[in-house]
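Quick heads-up: structures coming right below.
In the two complexes that follow, chain A is the common piece, with chain B as its partner first and chain C second.
Entry: the complex of A and B
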């Protein structure tokens, strides 16, 4: 017998490629600022994904971009990463970089 | 008794009186030859009741002499004694009349022909006139006679006369059957009735004839007829058929039209009330089925509304509907969908009958409590909200403008349209005039959250069922959600927004991916936290499926460099073509089925455990179900040892002839033990209808009502025999003298 797949209506979830393989750790992939999952959206947004993108720091921390920008704009932030208090430097994303 | 002693005593008194009167005046001496005693004798003889059946001609009297004798008696103030003696005679001779009456009644009792009653009445009138003192004797004596005659008459009329009289009255009513000509209405006999005092005595009988006639007419014309307003037609019938009868019965003495109107006012209003009440009772009994038939039955509801304004039966209506709901709707055998749609129909119907909503509130309460306890109620409501494609009918009208839920219900007393709550509103009554049908359904529960959750699950299922990328279908869901947003609020349905956006995005992404690298995979790519959990039986797609997934995921990440795909292989559907040795099959199957059959392309025989280790953590039940799909399609065959074998060559299956279903046609059971009963069959429908509508009736009432049936001529004994036979056939049953239909199990 030969099986020809004529068409396949499949279902998938999209995930941010955060560079950390934390697929199976539900606690791991939340934004450190708003505590909402990366694939959710920041408190000011209603739609996830491209409309509420992530931002990667040189320090390897990842946040919702909107969350980080809001944080950075406060004076108490001193332009530092909220997780490690190192001066925030946005990382250059390598296309398809850390995929397994 | 005018005994001889009395007569002589009277004679002596008479002489004394006469002497006193005369005072020795000689003027009347010429007449003195006519003695006082002779005057008495002549007069008593003259007024003595005579036997109509006596062939001998009545005595001739010199009327001048009679008149003179009367004056003489009168002047002697012996008139009271004279009258008493006369009335004594009437009583004494009344047996003559009784003999006649008995004869007529005997005839009537065998034939039950109301015409005999009419003849009897004419005969009685003849007796009455024959014995009536001439008017010269004065009104007092006539009045005393009339009263006495009536009293005697009532004493001798047998009980069967009442039913005969009733039957006669009934026979003067307009027949229902247009082929039966109505008895010509003659005012004369009614005058006779009146003179004989029958009208006064049997006033209630006459009224009951009218009432029963109206009842039977209403029941026979309106039962089960809900698609047209019946009240106008009934009123028309009343004014054309019943009013003429009433005129004859109650307004014979009217000189002018206005007089007649005035005389009929009270009885007319009672009859109209009875007609309205009969219809009201009927519709009250039918209310559950009327609601089922809504909106076709809307005219019946308008009728009921009008009736309720005249007849205060609101409480009875609530009771009847609650009882029917309890018996026919709120039980485990009823489908939730059915309960909901009947509830919605009830809402709409009760609003027609009673716009303020008091009746609805009272009827709805048990339904709502019952629905609240049903596990699938929310799902059913939500399925309906998003437009159930199975049934196509929606609980919520499209033309009903959607309204936000949970409006603040504070009474606004400054509102010029504010009205106090109806008086029969209970303490818990909340006028929900602002709430639409959906609002009413959702308010079964205390919170909207359950609905929103269920709505999301249902939307997810429906969106994922769109396998062909049909944007039309997605758009329809979007419109649905837009409407629901008005009801539940924008933020509550934000999640649904994202789901819909995922659908459009997926389509766009797939367009791009396919343009770069044609693939048979067309995925729906969902946003993880915005879709409800959709099953957790994750499976590993074997063979070529794995390759398809990897290729597609790679191309996706090329397009969206910061994202990757995580497959949910247990969801979706696969369109396959199986090339077998002797046949080619094209099928649409769920992923697990596809995974299994892919494995069968590796080798022909698999045990179920083997298969399960290849596709991952699934339950044995799920595996078996998927395998049986292929068995049903004739692709796999179950081997005895729990393994399955691919059928490269189809096995011919002998079609099994379904055993012919022999259903014995049971003859309709009718009591037909005798000829009379055979005849009664014709009237069985009539009886059945009667008992359906009036539940329980005494035999006499059934008999009376059957007289309205065209051509009915059975005696009550025959009816009784028939009903007994029907009871043995278990068609009816009798308790405490009341017959009722046996309730069918």
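Entry: the complex of A and C
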């Protein structure tokens, strides 16, 4: 039998590598500030992806970068991580991470 | 486009409506994303047995980056709990409503904190500066610079 492919659609899926095993806690993959999925975007952006990236703290907490920066820029934040109130230090982007 | 606060509050409201409130807390009114009301009572043994209070949350468009304005309702025959951190006009001196607010907190988290603040009360009394404060208090408790120092208000 001979098959002629006339057209095809490529389908791809992506997700941020947060370093956490997302299968363990599928409901927990939201930014703690806006409560939108990491794979979504912060409330001021329209398109998820590289234009609305995540930011990692040395304390291991993850947020939409825009959400975190909005918080850190207020005086009431005292430059602290919203989760543990430790001074926010942005971690180097983990390449490869622990995701297999 | 809906404001940042409206999107976040819509999510919180959906969660409340699908999962319900914690025991002792009930949603009274949430017609918009500007002001919500809850009833709050302390379950089990406490100094506030049988008392039901009403909490008013007011949100600005920067919530949750900016904290909600939270107070007890003292109109329409409602009263504020007699507590060392609660003024008779309903204003509350609680650090998480002020300098310890965090945008990962939520309306329900605030309700639970206030519920446990009442539950752990040892003596029903007003803050020592109640009269002076209430006389000059702003309408919005967020405009008050409370001094948080542990047990005394």
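Simple rule for what comes next: the second predicted complex is superposed on the first by the 87 of 100 C-alpha atoms of A that agree within 3 Å, B and C clash if a C-alpha of one lies under 4 Å from a C-alpha of the other, contacts with A are read in each partner's own complex, and residues count from 1 in each chain.
The working rule: a residue touches a chain if its C-beta (ideal position, glycine included) is under 8 Å from a C-beta of that chain, and two chains touch if they have at least 3 such contacts.
The structure displayed is predicted, hence computed values, not measured ones.
> Answer with first, second, both or neither: which of chain B and chain C does A:1 touch in the superposed model?
Only chain B; A:1 stays clear of chain C.
> Thinking of the overlay built on chain A, is A:57 touched by chain B (first), by chain C (second), by both, or by neither?
So A:57 meets neither chain B nor chain C here.
> Which partner, once the models are overlaid, touches more of chain A's residues, chain C or chain B?
Result: the larger residue contact count on chain A belongs to B.
> Which holds for A:83: it touches chain B only (first), chain C only (second), both, or neither?
So A:83 only meets chain C here.
> Counting only touches as set out at the top, which of chain B and chain C does A:71 meet: first, second, both, neither?
second
> Show me the chain A residues, by the header's touch rule, that chain B contacts in one structure and chain C contacts in the other.
Looking at chain A, the two contact sets are disjoint.
> Taking the touch rule as given, give the residues of chain A at its contact with chain C in the complex, in rising order.
Going through chain A, the ones touching chain C are 32-36, 43-44, 67, 70-71, 74, 76, 78, 82-83, 85.
> Show which residues of chain B lie in contact with chain A when the two form their complex.
So the residues of chain B touching chain A come out as 464, 467-468, 494, 497-498, 501, 505, 520-530, 543-545, 548-549, 552-553, 557-558, 560-569, 571-581, 586, 591, 594, 597-598, 600-601, 646, 648.
> Looking at the complex, which residues from chain C come into contact with chain A?
Counting only chain C, the residues touching chain A are 4, 7-8, 11-12, 64-67, 99-104.
> Mind listing the chain A positions that touch chain B in their complex?
1-17, 23, 37, 39-40, 46-49, 53-54, 93, 95-96, 99
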